[in-house]
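Labels for the chains are A, B and C, by order of writing; each one numbers its residues from 1.
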Amino acid sequence: MDIITLENVSYYYKTYDDEGAAAQASGVEGINLTIREGAFVALVGHNGSGKSTLAKLLNGLLVPNSGTVTVCGLDTADKKNIFEIRKNVGMVFQNPDNQMVASIVEEDVAFGPENLGVPQPEIVERVYSALEQVGMTEYAKRSPHKLSGGQKQRIAIAGALAIRPKVIVFDESTAMLDPQGRREVLSVARELNKQGMTVILITHFMEEVYGCDEVVVMSGGHIVKIGKPSEIFADERLLEAVGLDAPRSVALAAKLKSVGFDVTENCIDARTLGVEVCRNLTK
Amino acid sequence: MSKSDKVVIPQAVADGAAAIVADKLNFTYNPKSPFSKQALKDVTLTVNRGEFVAIVGHTGSGKTTFVQHLNALIRVQNGGLFVLDYNLSAKKVDLKTLRGRVGMVFQYPEYQLFADTVLDDVCFGLKNFGVTDKEKREQLAQNALELVGMDFDKVKNKSPFDLSGGEKRRVALAGVLAMEPQILVMDEPTAGLDPRGKREILSLVSSINRHKGVTVVMVSHDMNEVYENADRIIVFREGEVAYDTTPRQLFKKEDEIISMNLEIPHMAKFCNELERQGYVIPDDCKTVEQVFDAVLALKGGVGNA
Amino acid sequence: MLKDVTFGQYYPADSFIHRMDARVKLLLCLLFMVGIFFVTSFAGFAFITVFLITLIASSRIPLRSILKSVKGIIVLLLLTVILNIFFTKTGTLLCKWWIFEIYDGGLYFAAKMFLRLTYLVVGSSVLTLTTTPVDLTHAIESLLKPLKVIKVPVHEIALIMSLTLSLIPGLIDETDRIIRAQKARGANFDTGGLVKRVKAFVPILIPLLVGGFRRAEELANAMNSRCYEGSNKRTQMRIMKLSWRDFVATFIALLFFVTVFVVYGMQSKWATADVGWLYINGVNWLYF
């Protein structure tokens, strides 16, 4: 079942030139995309490719200038639907420090359910089950300020989960983290997807894309390709054109294959690739 | 005569071979309080002039504390530290000339932009460091902006806030490069950039290092970029220097690296596997292209492996 | 350097006072602050001293932390004492030098104002040292709730306080970082005349402001995404419950204040003089 559908969606930002005259800068243009319930979709592109604009269109933070965005059968352009849409689409943003509304972890996570008017005993239950899902229960009474970037993002994820959404969008949530923080966030995202959550991961780290069901490549406000990670990795020319890099081992595997080596394509693990190359060399 | 004047100047500093010499450098945050935390423990290392050194380590390992010592943003508490010909353990240090010669690029440097125009922002440091001649300032600013790949005439009168994220970062970098520092210290200069932005910054830093002879000290979390760009990697662990060696040698210690919560670069992992199986990979093979060529060479002479 | 600033100065410990309901603590603290103006005799101050010592002892706060907050107003204290000594012209003249005259009334008022101010700070710091800023925010929201009837945006006020609290540590970090970055570019904040020094802060203020807007926008997006739409039908996770401690404390406190008022009643003559003096002197009212 499709949970999110975008039909011919365009969104323009208003900009002003030096004389103060209004102009339109394109955010995204002519986007057609459907996202299946339960899917793990990666949205990749360089900075300024429109991927974050697209993310904000998914829960009505932005409303398209033309075209329609439908979430769980609801049109985001209809103001009456906004609350219901945001209940279904949780969002985690880029900067872990700018999403905290409270100075105690559990109260921050409770913010969503409090807004929804959930009865008090249920808020507690939701907060603690959300914290458990991201493995942060022991930090419930702490101040988020002293936590690592990865831990703060996990709190932000718990905050989204406490609303009990069907979809969770990671809007470059790993961009400001160190490798360990990135691993933490990604493993939570994968785990959530396994439990049936629809996950939309927006990123420019191609390594994070590995294992996704589908990759949407954006450039210049357009979708330039949709495919499985293997198809995207294999398309070296496309990646080059949109300013992205395949993981180095994948790039090496592709190069070796092109000169006749018998190696697995899209080998993300360099050691496996090494083993395969050795086998080729001793042949 | 103050105590610090008696410090013996290390030979490497005296003959101008070393850019940075740290000798048993210690630093404790909030000393003598219940919150005291030792950030550096007996850090001893040397960075030679013209070298490209990467400093890596887990968050909280002390690497940022160390690099902030290099232009006296953090003053030496205990131990010896020489940067160029400045003795930073001395009581009095000529901060103005030191900071002009040791350029420091912080994490997300675009967040420090403030002036009305790009030109003014780049000139800020020059003004502070005493370049009084306006024309001279503008010339230096132009050189720096062109060095970072910006079209000077196009951007000089623009507001820095109207630029894209990657451009802002390059302008911020130009603000430091304009002073023509001899040492460039950078704290995660590529954080938050997309792959193309990363490549641009790294190739810029490499070329400044190679062609202008600027000593580069770069803190980074990205092991792949460190592996491919640095001459030497210094690993900090809990305030101490855990390893200080070349990239290839360092990442041969796979288990130790993983135990420090760091990643192994793809190409290092690949080469390690080949070497484990008895193949010889030249030490300077670090990028995908270099490794690819090395494998082709191996295939040519498989019998000898 | 900026990191040394601890906000709210909450001192974590487990004591009777720590466990009290923040609302009760806040109300009693206000009562104490009002009450202290009714204390006019030195016997009264002796009584309050005993009360405060008992309070501090039962809160398990080290005396050092309390003295630190008194140190914060040391300039104000000295000023008050000096102004009172030299500008009060009641009672008998004790000594005279050039245009300065010291009366015994001046010494008397100076001592009283000194004690009053000090005790005000001590009393309120017991509150802030034993109550987290978060609890205080909740207490204020809860106590202001009745004002909703007259359309005071109580929830919004509380939310602003809570957001401010959660943003402050990040803001301090950011200020610190910007200062360091500009210092690395040769900025100098320590020398030069006033104009020069004020100008030196522009490179800090502008990035902070720009960063503030960026933060505000991201925060607004984050809040909207979590279904924020004002106070309608909002519920709260935290329930504040009164316990036996609160009743015991209230009882003791009321007993205390009744005593203070009784003593005050007996010395009302002095008090009128005192209040009158506040208006005449025209200096000290500024502080209250």
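The rule is simple: a residue touches a chain if its C-beta (ideal position, glycine included) is under 8 Å from a C-beta of that chain, and two chains touch if they have at least 3 such contacts.
Please read all numbers here as calculations on a predicted model, not as lab measurements.
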Sorted by label, the chains bordering both subunit B and subunit C are A
Top of the farthest list for subunit B, CA-centroid basis, is C
Dist(centroid_CA(subunit A), centroid_CA(subunit C)) in Å evaluates to 45
Cα centre of subunit A to Cα centre of subunit B, whole Å, reads 31
Multi-partner residues in subunit C (2 or more other chains touched) are none
Check: subunit A positions touching at least 2 other chains come out as none
The subunit A residues in contact with subunit C across the complex are 56, 59, 61, 83, 86-87, 89-91, 93-95, 97-104, 106-108, 110-120, 123-124, 127, 143-145, 156, 159-160, 163
Subunit B partner, complex, touching residues on subunit C are 4, 174, 177-178, 180-188, 202-203, 206-207, 210-211
Listed in rising order, the residues of subunit B that touch subunit C in the complex are 30, 68, 71, 73, 96, 99-100, 103-104, 106-107, 109, 111-115, 124-125, 127-129, 161, 175-176, 179
In the complex, the residues of subunit C that touch subunit A are 132-134, 159, 162-163, 165-166, 169-170, 214-215, 218-219, 221-229, 233-239
Touching subunit A in the complex, subunit B uses residues 58-59, 164-166, 191-197, 221-224, 261-263, 265-274, 277, 279, 288, 291-292, 295-296, 298-299, 302, 305
